[in-house]
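Two complexes follow with chain A in common, the first pairing it with chain B and the second with chain C.
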Partner chain A sequence: MNHRGGWALIRRTWASWMQYRGFFFLLAFGWMIPPLVYLFVWSTAAGGATVGGFSRGEFVAYYLVLILVNQLTYAQTNWIVGDVIRGGGMSQWLLYPLAPAYHVLSSELAGKVVYMIFVVPVTAVLAITLKPELHASLADVLAFVPALIFAWMLRFLWGYWLALLAFWSTRADALLAVQDALVFLLAGQVAPVALLPGVLGSAAEMLPFRYMVGFPVEVLTGQVSGTELATGFALQVGWLAVALGLTWILWRRGVRHYAAVGG
Partner chain B sequence: MPEPQITVSHLTKTYRVPQREPGLRAAVRSLVHREYRDVEAVRDISFAITAGEVVGFIGPNGAGKTTTLKMLAGLLHPTGGDARVAGHVPWQRRPDYLRRISMVMGNKSQMLWDIPPLDTFLVLREIYRVPAAEFQQTLDELVALLDMSDLLTKPVRNLSLGERMKCEMVAALLHRPAVLFLDEPTLGLDVSIQRRLRRFIAEYNRRSGATVILTSHYMADVAELCPRVILIHHGVLLYDGPLGGLVERLAPFKLIRLTLDGARDEALPDGLEVIEQENGRLVLRAARRDTPALTARLLSTLPVIDLAVEDPPVDAVIDQIYQEGSV
Partner chain C sequence: MRAYATLIGQFIRASVQQELAYRANFLISLMHSLLNAATGVLGVAVLFGQVETVRGWDLGATLAVLGVYLTVGALRDLVISPSLDALAGMDGEVWTGRLDFTLLRPVDIQFLASVRHWRPFALVDLVIGIGVLVAAAARLDAAPGPGDLGAFLVAFGAGLLALYAVLLAFIGLTFWSPGFLFSWVFSGLFQMARYPVGLYPGWMRLALTWVVPVGIITTVPAQALAGDVGPGLLAGSVIAAVGLFAGATALFRAGLRRYASASS
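For the complex of A and B:
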């Protein structure tokens, strides 16, 4: 593996993206809006009492953490993979003596840094004005870190294997829009997963989407512990293994297909 | 005879292309049942190239030039046949191989739009693991050859097409590849940049001893750079040899340009064919071996003001091949 080359690529991508940080700040602002809307909806609904066990301040804490986690795990890179495959940019990637995954990772990591420059201060200001109630123990924080990393990997790889379908189908990124919609519904954005009714709630717990955003938020806000936490991690890692396997298979087959049909 | 650096034997590439009739109904039907058609892009091509040669691939659009080039660069897997470049099977795409080649595509760019070229070059230094001193030396040399030191720190989006192509060339050569594939490097460039790039490619080849394979639709590129051309048409290799030989084989005649005193109709000697005639200016065609005798007859029998004997233009010859599809 050519890590030095990969690292250089990451730095260059970051430098390039900083050139139009204003655009990315606007994008990040757009992505903050839906969770902010639900923050206000639920904290207003709770009023002085609680809804589903959440007080007003707990809703604020939940959604502020969610804004950060959503931003950190959102894999915007996958939207360009299809274009790279269709536009023939993949040829250039394949000509370098460097694993093509670095190109994707460089854009992921560069993006995270640029977005965070905007999102962290904004969230901090919101936290000061909206007075969240966050009861996080040290154990919660310690569990949050791996939950967040796995969540990013899962959300990224899940989108990546979908994006790789562009090797065969011209408009595979429609599937990314479906993924975004399912994340919105089932990953704790519309409402914390614990508040989802009946079948929807059980589905959310089994499907991979909660483990892309909601799960680490729940961990940090102290909603899951003990067996639930263990089950959560097991499902998260399980889905991650599925995503990794699919990515590996689709990448190998995709490149073989690309070499057969030409870019 | 030195060992060839590139050997290609019976290389074949067949694409399966999905096809459907126009219209909505056909579109829906193709969702369920796709029909494919086999397109033979490259058929049974063989040749060998020695290290340091500059070879031009010529042929009309869709002839299979780029497909062949992509197979040699490892981007495409052939349907049949075999190729070895610098001791490697290209389509295995081993890092050792990729470090020894470079490909420039006239219609693609590896420069990043928003940052200066120098930043991209520095990344390439890391990707190809070029030692810092060697990198600086190569960069200085290339920048001097292309006279582009002022471009290094401007964002790429502010550069003209020609300036960008200079950057692409530098980017492709920083790791000193032993084999260079150029797919229409002069596409869309103005005449002086084209000439500058041609001189650069020739000079680079002379200094570094790199093998260069070039495709171009500009015959000037090929005529100036490539002592040897490989003509591909409908995926078949039609000719492999010097460009001059191709012209001679295809056009066994010469052109005689003649200016006469006055616009009278003169009787011409036999064996001359009038191609153009306007106000006493004539363009005549004569068989190559008869040309000296016919020229002498013209000079002695007609009131000649000016006379020139020329080879037919390369472009016209090439056009003839492309139209007829044979040599």
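For the complex of A and C:
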């Protein structure tokens, strides 16, 4: 494997993304708003008391961490994969002496850096004005780091295998929109998963979406511990294995199926 | 006047013919619309599964705000956004200089820029939005009487005019900074209109009512439906909407005078 070439590609992509940072700041701004809406709505609902065990400050802490985690795990690159397959750009990717995954990874990393330059200061200002209550122990922080990394890998690979369906169907990115809606509803944005009622709540705990965003946030804000933490990690890693398997199979069969268009 | 009506008819016909070529898109946009409405309604339902009321807003009234949000958004997607967005951004008419050809047409440019492109698929959103609105009206404590409906229609019209004015003003700014997508900033802030402005903290409530007039666009019409709007607030939002429209028109025309074409 040519890792030095891959690193060069990552640096090049990052430099080109920084040129358009105004555009990407605008995108990041738009993505911040939905969790912000729920931050305000829930913290107003809590008022001086608690709702579902959350006080006003705890809601603020939960959603501020969620804004960061959501931005860090959001795999916007997957939208490009479909375009690249449909437009024939995949031919070029396949000709590079690099694993094609490097192209996707490089814009992933570039994106993360550019978006964070915008999101981190804004979140810091919000944290100063809104006074969150975060009681994270050292154990929470230590569990948060792997939970976040797995969450990113899961969200990325889950979107990647969906995007790879573009090898067979031109409108596969409709599925990415469905995934975004499910993440919005079930991953802890509309409400912390613990507050979702009945069937919705139990579905959210089993399905992979909570483990893409909500789970690391819950870990850092100290909502899960003991056996819940262990089950959570087991489900997260399990879904990650499923996503890896599907990506592997679809990539191998897809590339064989692929025929470029153009001329 | 007749000529303008005929023109609108022709624009609609051309847009429909264009979109009918993409039939598979219909199913996909139907799915998007249903997902969008479903996540919105479930979000409200989850909130009121935990609490009875928030600052005087209950399930019915909050759902009414969501219904207005979806309906106004559908009307925006039907004609305002497709038409105005053709001017903005890096491949927009102001940046590329294609506005030359638009300016040469013997009709009022603001009219042309506002109604040129239609997106018939948005009618699906319109149906869903009105459906949510009707469902919300049925859940209100007091069923809306004819007076409430009248006030609602006035407030809704004022809200729509305010939305159009804000979008037009942002397009006007495009003449100063052609590449910047001002309307994206507004689209981001507009998502806050899903919930009543009363649910936001104090300093934001004022800004969201009078600066970015999200409150006038969705909260006031929903309040009118519930019979909670006095004549003062109704008149205030109409005056604000008309004022915004006049200001936006002036800004757009001032921008137009700055336009100096472009070429490669």
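As a working rule, the second predicted complex is superposed on the first by the 258 of 263 C-alpha atoms of A that agree within 3 Å, B and C clash if a C-alpha of one lies under 4 Å from a C-alpha of the other, contacts with A are read in each partner's own complex, and residues count from 1 in each chain.
What we mean here is this: a contact is a pair of C-beta atoms (placed from the backbone, for glycine too) under 8 Å apart; a residue touches a chain by one contact, two chains touch by 3 or more.
Given the structure is predicted, the values throughout are model-derived calculations rather than measurements.
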Chain B versus chain C as contact partner of A:V122, first or second or both or neither: neither
Contacts of A:L98 with chain B and chain C, given as first, second, both or neither: first
Which of chain B and chain C A:W42 touches, first, second, both or neither: second
Touching partner for A:I80 - first (chain B), second (chain C), both, neither: neither
Contacts of A:A203 with chain B and chain C, given as first, second, both or neither: neither
Contacts on chain A seen with chain B and repeated with chain C across the two complexes: none
Of all residues in chain A, those that touch chain B in their complex: 2, 4-5, 7-9, 11-13, 15-16, 19-20, 88-89, 91-92, 94-98, 256, 259-263
Partner chain A, residues of chain C touching it in the complex: 24, 28, 31-32, 35-36, 38-39, 42-43, 45-47, 49-51, 54-55, 180-181, 184-185, 187-189, 191-192, 194-195, 199-201, 204
Touching residues (chain side chain B, partner chain A) in the complex: 15-16, 67, 70, 73-77, 91, 93, 95-96, 98-99, 101-103, 105, 108, 110, 112-115, 119-120, 122-123, 125-129, 155
List of chain A residues in touch with chain C within their complex: 22-23, 26-27, 29-30, 32-34, 36-38, 40-42, 44-45, 51-52, 171, 174, 177-178, 181, 184-185, 190-191, 195-197, 200
